[in-house]
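In structure tokens below, several structures.
You will see two complexes here that share chain A, one where it goes with chain B and one where it goes with chain C.
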Partner chain A sequence: MLLLLAPALAVVGLLLVLPLGWLAWQSIYQDGFTPEHYLRILQEDIYWNTFRLTFSISASVTVLAALLGFPVAYAAARLPPRWATVVLALVVIPFWTSVLVRAYAWLVLLQRRGVINQVLMDLGIVDEPLALVHNATGTIIGTVHVLLPFMVLPLYAVMRKIPGDLLNAAASLGARPGYVFARVFLPLSAPGLLAGAMLVFVLCLGFYITPELLGGGRTIMVSMLVQRNVELYHRWGAASAVGLTLLFVVFAIFWIVDRVLPLERVYGAR
Partner chain B sequence: MSVIRREATRLAAALAVCLAASAAAAADQITFVSQGGSYQEAQTKAILDPAAKALGITIKQDSSADAYPVVKTQVATGKIVWDVIDVAAGYCLRGAAEGLLEKLDLALIPNAKDLDPAFRSDHAVGYITYSTVLAWRTDKYGKNGPQTWADFWDVKKFPGRRSLRNYARPTLEIALMADGVPADKLYPLDVARAYRKLAEIKPHITTWWTSGGQSAQLIRDGEVDMIMAWNGRVGAVMKDGAKVDYHYNQAVLENTSLCVLKGTPNRVASMKFLNEAIAPRNQAALPLLIDYGPVNLKAYDTGIIPAARAAQLPTHPDNFRRQAVLSAAWWASPEGAKAEEGWLAFMQR
Partner chain C sequence: MPASGRWGKVAFALLVGAILLFLIAPVVIVVPMSFSDTRFMSFPPERWSLRWYRAYLESAAWMDATRVSLSVAFLTTLVATPVGVAAAYAINASTLRAVRAFQLVLLAPLMVPIIIVAAGIFFVYAKIGLITTIAGLVLAHVMLALPYVLVATLAGLRSFDMTQEMVARSLGMNRMRSFLAVTLPQIRPSVVTGALFAFIASLDETVVALFISGGDNQTLTKRMFTALRDEIDPTIAAISSLLIATSFLLVLLTGSAGRRAR
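Presenting the complex of A and B:
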């Protein structure tokens, strides 16, 4: 058994554990042991502001992805298999386009003289172009687009396994459609929702290209702090400390969610 | 003697010959590192191939977007693979301070004396130049757009949307010029004054751009009406037919530098290569292929650059004298590093 695991363990050890250990070492050792890089995160406003903004953007993205993804997954799960395949394909196809290309595509749509503002102004809905990009709004729109499949796919997987009989049974006992949805369907699809939400939230915490291009320079996320520290200030220790802090925060979130709802139930078949 | 042993002897002999040959080849071969892409291709045609021919050496090439850490590792371990690197001027200064670079052997680089003192140091010679210019939409302001950075700051006289670079360098220089500091009296920068001046314009900045491609997109699509951007990017946008114009008034001139790794076995060949790289005719050949200017102003006297093209280049005498020259030395100093670190805090304010 252990022999079968050996190649995978070696890869994980070499490509994950070793570099992470190196990061941890760098973050505390610089000509002697020092807590300075972690203290800086606690003391300097830019770090605190950046972490706060990153988490609030990730939360917004997660909520929006859930609101947009739930109906899509529901439709895919209820449709005949042939149509379900089409819906899922449409969800997954954008995956094959580079994040960079998609960020520029959103610029074309959202900017001041972009398609959306042009249409809104031609229809007389707005007089002034809306500030849809070069700010947090643009960042959230672009990120939701990239991360939507991570919400839809786990939801679909769970929803497809919800027996239609249960819904029919509830209806036959006199429940209205809204009540069936709220009391039967929604609780049964909760594990998918939670799995999707966690994937989207955690992935969003580390986003770099999308906020860099759509955030207008004002939307500074944690990944950008890491990049600036390495490329501009050559402070590898500081960059490592920021990265590890983010990692620990993510672990903490997993741990808390696990207390509420055991993870093996979220990801497992049960 | 067994067959195996005879074979082994022959193999060893062959190996020895190979090694000797490669050692001989190594003596007249250098490895040159730049930043890749169309930039490095243009150098290959204009400078590297002619230099290799003139010196009778082989120039191997490598590219790296972030060469500095690699240089540090190579020198620290004594395994020198690269000989000459083309990097931002500041990196050469830093490398010299950290003992990573060979001191220039000026006897082997006679062309160095032709360079403006701003473009050379004890450990590096300038290589190519580029400028950060003020560009504007002609469909918004006509031919006579904002002439100075003070105009850029004047939101009443020039209403419209603006974009600046999302880095301290050279945005602080530009802010100081907008505040009335003459282009030749910028250094040492009054950092606090620069940030105060930037705070004035901050509410009117639509986007703080990060990459050159982004700056080009912003002005080409008319997403902003005026922008600070690199001359090459603006030139490309104008070539595409966008309604954009720029000038070199109060632009900030920067250069990349060539330096030689400490302890390279090819020191002499490397120094000779530096001399060829800044030779007037090679320097003159590069701007025909790509939007960078020569560091060696004698390039303009070679007759290789057509007058119309020369007038577009950052170091053309008419353009040169209207600009500020960025001090890489100041930015490499502790004050410079501190000014750079103040940027993120300014953005979040």
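Presenting the complex of A and C:
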């Protein structure tokens, strides 16, 4: 029976575990063991600022995704099935569209003479076209767009199972709608919110394509630091240390969240 | 969120509508743009033409990249599907505790940030000379596609009654034949779904391809990425529309495969 597992384990072993081990080795060994590649992250401003920027962008993206995702998931969970299907389809279709295609669309929409600036100027909201792309704003807009489904889907899965009777019971006991929402609905949907937030945050930490294309080369995230160290500067030790630090952070977050809330309960429960 | 009163409901509906517009607009807007007649990307286009589709079809570079991407995706599916199905079968049938740990290892490609995977594979391939080869790309994509085949097939196996296979074996079939004759036909929709996911995962994969594909073996995604970084070439709009159409088609296919599964 284990023989059947062997090919799959060999593939993952040779193409995932071995390369990660290689990174680990390269990050501490360069003509002898050295901690310099890790120390560099703490000492050099470029490295430290990149990590800080990546965390703050990921935090903004997570908050925005929660704010935008909650109403959509709520609507999908409370609407009659036919309308819920429409809402979910509109969430899933972009999910299935290549990230490159969406980066292209945002480049066109957000550029100086793009549709969005045109509309804002026609409405007289702004006089000058806004710089919406090739900066952190572009990165955040594009990334929220890509990651929003990862917030909506776990939220929806949890909200759908909140019994309507519970809300009616609270209302019949005299709670106003706002109170029912804050004291009954919101706490019950918290596991979905936590799961979605974790997914969005972790995926954003390692995100590459969208920030590279919409950030205009000035908003450097951790992933771009890895790429530049490999392809531009050939500083493989530095690239390895940065990559492993990122990996460590990601796994630490998975581990902590899994302690608070067994993720299988959110994803496994259908 | 609690929509109290009619105005509250209207306001909430408008809010949800605006968010859904934000989600869908970038996908929808690409298609009319691809039929534009001008180099300058404006929306809506002033005159319609098939110019950018012709530019795509007549460009040897884009055609080569498309051929590379399609053959890599096809080979990836061909390898990842049997490997993933075999692993799923073993995990489903085994009661060993270690097997659960293996399952976690096989799902790891989904959890490790792709940029780290790409850098690691690049270093290993650089040592053994697999950079810019089709074989190297296919191997990497098989690893990335495995979790999808595994998850889809496991879902199928979990709802399948294994005693049927036992009956076939008690009647004298060996394990392989009983699997092929009894089990596989019944879990086929899940296997097909897994294979389609593997195909899409490979076709869509960009970051690993950026690091390890090149020369004559550039993937479509790598060429698109480079084109997007350097200048906005309207040919991308035509390619994007074709990709959107492809993913729609595949979603419909998986949808119908999933429905037959039930």
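In this section, the second predicted complex is superposed on the first by the 236 of 270 C-alpha atoms of A that agree within 3 Å, B and C clash if a C-alpha of one lies under 4 Å from a C-alpha of the other, contacts with A are read in each partner's own complex, and residues count from 1 in each chain.
Criterion: a residue touches a chain if its C-beta (ideal position, glycine included) is under 8 Å from a C-beta of that chain, and two chains touch if they have at least 3 such contacts.
Only a predicted model underlies this, so the values are computations on that prediction, with no experimental measurement involved.
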item: Chain A as common anchor, with chain B and chain C clashing or fitting; value: clash
item: First, second, both or neither for A:Met121, with chain B first and chain C second; value: neither
item: First, second, both or neither for A:Ala157, with chain B first and chain C second; value: neither
item: First, second, both or neither for A:Ile253, with chain B first and chain C second; value: neither
item: Touching partner for A:Leu188 - first (chain B), second (chain C), both, neither; value: neither
item: Residue contacts on chain A - larger count, chain B or chain C; value: C
item: First (chain B), second (chain C), both or neither touched by A:Asn49; value: first
item: Contacts of A:Tyr208 with chain B and chain C, given as first, second, both or neither; value: second
item: Which superposed partner A:Trp96 touches (first chain B, second chain C, both, neither); value: second
item: Touching partner for A:Tyr104 - first (chain B), second (chain C), both, neither; value: both
item: Partner chain in contact with A:Val11 - chain B first, chain C second, else both or neither; value: second
item: Steric overlap of chain B with chain C in the superposed model, located at which of 3-11, 57-65, 93-101 or 291-299; value: 57-65
item: Chain A positions touched by chain B in one structure and by chain C in the second; value: 104, 107-108, 111, 113, 212-213, 231
item: For the chain A and chain B complex, residues of the former touching the latter; value: 44-46, 49-50, 104, 107-108, 111-113, 134, 212-213, 216-218, 220, 225, 228, 231-234
item: Chain B residues touching chain A - in the complex, by the definition given at the top; value: 66, 68, 161, 166-167, 206-211, 214, 217, 221-223, 337, 340-341, 344-345, 347-348
item: Residue numbers on chain A that touch chain C, as the complex places them; value: 1-2, 4-5, 7-9, 11-12, 14-20, 22-23, 26, 68, 70-72, 74-75, 87, 90-94, 96-109, 111, 113-115, 145, 148-149, 176-178, 180-181, 185, 205-206, 208-209, 212-213, 222-223, 226-227, 230-231, 236, 239-240, 243-244, 246-247, 250-251, 254
item: Residue ranges of chain C in contact with chain A within the complex; value: 1-4, 12-13, 15-16, 19-20, 22-27, 29-30, 33, 41-43, 83-84, 86-87, 89-91, 93-94, 99, 102, 105-106, 108-109, 111-117, 119-124, 139-140, 142-143, 146, 150, 200, 204, 206-207, 210-211, 221, 224-225, 228-229, 232, 236-237, 240, 243-244, 247-248, 250-251
